[in-house]
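Both complexes shown next keep chain A, but they swap its partner, so chain B is in the first and chain C is in the second.
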Partner chain A sequence: MAEVRAEMVANVWKVLVSEGDTVEDGDTLVILESMKMEIPVIAEDDGVVAQLKVAEGDVIQEGDLIAVIE
Partner chain B sequence: MTVVSTGSVESPAAPAADPRDPAVRIALLLDPDSAVPLDGADGSGVTAVHGLVGGAPVVAYCTDARTMGGALGAAGAMRVVEAVEAAVRQGCPVIGLWHSGGARLADGVESMDGVGRMFAAMTWASGVVPQISVILGPAAGAAAYGPALTDLVVMAPAGRVFVTGPDIVRSVTGEVIDMDGLGGPDAHARRSGVTHVVAADEQDAIRRARLLTGFFTCRDAFDLAALREPRDLRALLPESPRRAYDVRPLVRGLLDADGGFEELQPRWAANILVGLGRLGGRSVGVLANNPRHKGGCLDALSAEKAARFVRMCDAHGVPLVVLVDVPGYLPGVGQEWDGVVRRGAKLLHAFAESVVPRVTLITRKAYGGAYIAMNSRSLGATATFAWPGAEVAVMGAESAVGVLHRKALAAAPEEEREGLRARLAEEHRRVAGGVERAVAIGVVDEVIAPENTRLRIAEALARAPRTRGRHSNIPL
Partner chain C sequence: MFESVLVANRGEIARRIIRTVQRMGLRAVAVYSEADADLPFVKEADEAILLGPANPAQSYLDAEKVLEAARVSGAQAVHPGYGFFSENAAFARAVIEAGLVWVGPSPEAIERMGDKINARNLMEEAGVPVAAGTREPVTDLEKAVAAAAEIGYPVMVKTAGGGGGIGMGVAHDEAGLVKAFETAARAAARFGGGGDAAGREGPAILLERYIGRARHVEVQILGLADGTVVALGERDCSVQRRHQKVVEESPSPGITPELRERMLAAAVRAGEAVGYLGAGTVECLVDADEQDFVFLEMNTRLQVEHPVTELVTGVDLVEQQLRIAAGERTEVPSAVRGHAIEFRVYAEDPKRFFPGPGRIVEWEEPSGEGVRVDSGYAGGNTVTPFYDPLMAKLCVYGETRAEALERAREAVAGFRVEGPKNNLPFCAELLERAEFVDGDYDTGLVARMRA
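And then the complex of A and B:
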């Protein structure tokens, strides 16, 4: 199980996966917007998206849980 | 574990098959048959030798994990002092192989005094000769601070570095953790930043130490002829200027493919990349904002990481290449309270004081205080280049327009507002943030074609006087 957490405060701009999706290492899960940058959040393991904790438009803080991959 | 031939190191301790034998470990490190003992075996628990790495002279020392877990007594610590002093006299790198439980309890205060002298010797050698540490097993207490005083720390999977072990931690704080969790390679690669390189196994750790040593002993000139072939580096960036990306392919593309790039502290403060590689055969230090992490923003930790790297390269005469794509310093209460001012000042100080050739390339954008900190013209860059379309500004055009034209934008009819904002941003970019303006006022020397980047950077570095800083490399 791998937790994907936010590295910085950001807006959730796009959510590209849903719970239950199969993802591979390197796949983009969501795209954050911060400091005028579009910052992809990338899976660092192969697996299934067990939990997805953010929705488009959310504001997330550093350390917030974005997704859990199993 | 496989044992490689031990025949190259003369050791009275028998042609041992024990992989923890210092003779075995030192033989892995040095060129075949190059080891010459500093002096005879003395039961100090530390072996020290002269030898060669890639044909260049070095001094190496290794704790003997076979006796008392490699614990350092007064005599062992003094043997390390002799090794470091020998390297300073010879002006060559010194490499330590560590597997030690710390100070010898039986030696009491004497061992603490010896270890303190060892720390002092390492500090006096800091910035004078390169010092590299390889952690092959436990390195606790004294054995932790020794490597921490050196320039670079490589950890094998069995490496464990901590001041106080799990038992004491549990008895004092109640925290339950094993040695690996507390001070294993992952802990120091991701959380503490203590280790620069994590190796796959013991042989790999020693191989990486040889590679790192080679970056410091490289005396080759830049081979400019080898860099004339165009290489389209801009194709390695995303089309959208707002899109974050991993800067590693760009760094690899910039450097020689066969030069053995080694990124340092890759998983700690990853929003800045620092590493050693070669450009036209000459070793260079590379710093690059990595937008893949935190959008490439500088922050407290990344500024400190970069500052130490700049000072290390400056002290040892390794020229610097700085790739800039930075949206600014990361805002936040946490950052301010983490000392982004105090730690960010270290990066300003490091660049401004450094005298090695150092060339900056702005690939996409350089905003605000982070622009200044990334080896700007104002801090004394040898040369500053930019790719076409790069922006140098106090802040991004959209943000600036929002501040400068707030009233005009508010007064505009809703349906025209976005068009007006885009026009104003374009105008602002041209007069205040465009690279042409930066060239006109002299903060960027020249806009260069991306495909000629390797050659242009190497030419600028090669033209500059071959100097090095005269300062220590305090472990910032």
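And then the complex of A and C:
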């Protein structure tokens, strides 16, 4: 199981996966936006998206859980 | 002269404009979003009006709310700063139609220069050199591939209506072009860079020949109320990351007096070609080896980096903007003396330049002879992710470039920021980098430092 957490305060601009989706190492899960810059959040393991904790438009804090890959 | 000015912006530039407005004995009205309520510009204004939530579309970019704020506060003029509405012809028109003074060039001039393709063609007609590139907006990938083949790789891909480096990319081959085109098209759709000035639908992309060892040098112009256009020296903005400026200086250490003279004359012709009024900037790319230049784009507003010009000319550009907008006939000394450098203090990590907003727990600005700091924040404020990462501009002046560099080293070391990530360590590193110290650098400098 791998937790994917936010590296910085940001807005969630795009959510590209849903719970139950199969993802591979390197796939983009969500795209954050902070200070007019797009920051893709990448899966670092192969697996299934067990939990997805953010929705488009959310403001998330550094360290917040974005997703859990199992 | 009008008696009150609404500043339709935020952060450091709102504060800087408010300062001049008040020094001139005028009343300054600020507008702000919920996220910015505690910032210095809100507190320092004579009156501040809340526009709405943090999202710019519901606050700083909500034209009706901004105009309503002007009406409620009785403001007689609107200064847009940079970004937001500063190059929005429709907003400028709405301000004028509301019976207010627009502090900027005419909506027509904004329109003509706001579209990069239009501007490029116009400049070519005015005898200003331009880079080989597309003369019409490219709206689909197939046409982009054909255009790039004709221009020859590498090519620069950008949105016709965009600014601030958003969506720009270099393509070295067709695969790279596909990627760059998609990035630009997405930026055009998202940030309103889709040729909005000309009211087009869909992405409008511009392709130009890419110059490898290029310096980015721009000329400050002022269109005076009597119709003449003057040039106030140049600024070298070649220290860039992600095509966005980090450090600017005036004069440019990389152009000969002969090239400077040609560039300033061309910038004046560019301004005259559109009957330009107020402060504007003619951005050029200089081929450092050939000592030649091409027109890049014209910005019809005050630039972020305007303080370096103010430091070497002694001219308050905001005061000039206000007086010109009021129809006053001003005399502007255009002689340049000494050397000035500006460092943009961004809320970003100094290695990868990724955003690092956060609460400021310590904020101590340097001061002393030849040091000017234009900041948007103070201790206790929070830098939020909603706007650009610029926290402050650290500017230094010296009689010579060497003196300015020495002052910069001291000032960078004396600037204390705790809380958000910041790029002051990068500024310190740059000041020890030989090619920057020698002045012999180009737009690839930051990439080389991080290679």
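By our rule, the second predicted complex is superposed on the first by the 70 of 70 C-alpha atoms of A that agree within 3 Å, B and C clash if a C-alpha of one lies under 4 Å from a C-alpha of the other, contacts with A are read in each partner's own complex, and residues count from 1 in each chain.
Basically, contacts are C-beta pairs under 8 Å (C-beta built on N, C-alpha and C of every residue); 3 or more make two chains touch, one makes a residue touch a chain.
Not measured: the values here are computed from a predicted model.
When the two structures are aligned on the shared chain, A:M37 is found in touch with chain B and with chain C.
Once the two complexes are overlaid on the shared chain, A:A50 sits clear of chain B and of chain C alike.
Within the superposed three-chain model, A:V9 lies in touch with chain B and with chain C [touch as defined at top]. In the superposition on chain A, A:V59 contacts chain C only, with no contact to chain B.
When both complexes are aligned on chain A by C-alpha atoms, chain A residues 7-9, 34-37, 39, 62 touch chain B in the first and chain C in the second.
By the touch rule above, chain A contacts chain B in their complex via residues 7-9, 34-40, 42, 62.
Residues 240, 242-244, 291-297, 327-328, 330, 332, 334, 396, 398-399 of chain B are the ones touching chain A in the complex.
By the touch rule above, chain C contacts chain A in their complex via residues 164, 166, 191, 242, 347-348, 354-358, 384-389. Of all the residues in chain A, the ones that touch chain C in their complex are 7-11, 33-37, 39, 59, 62.
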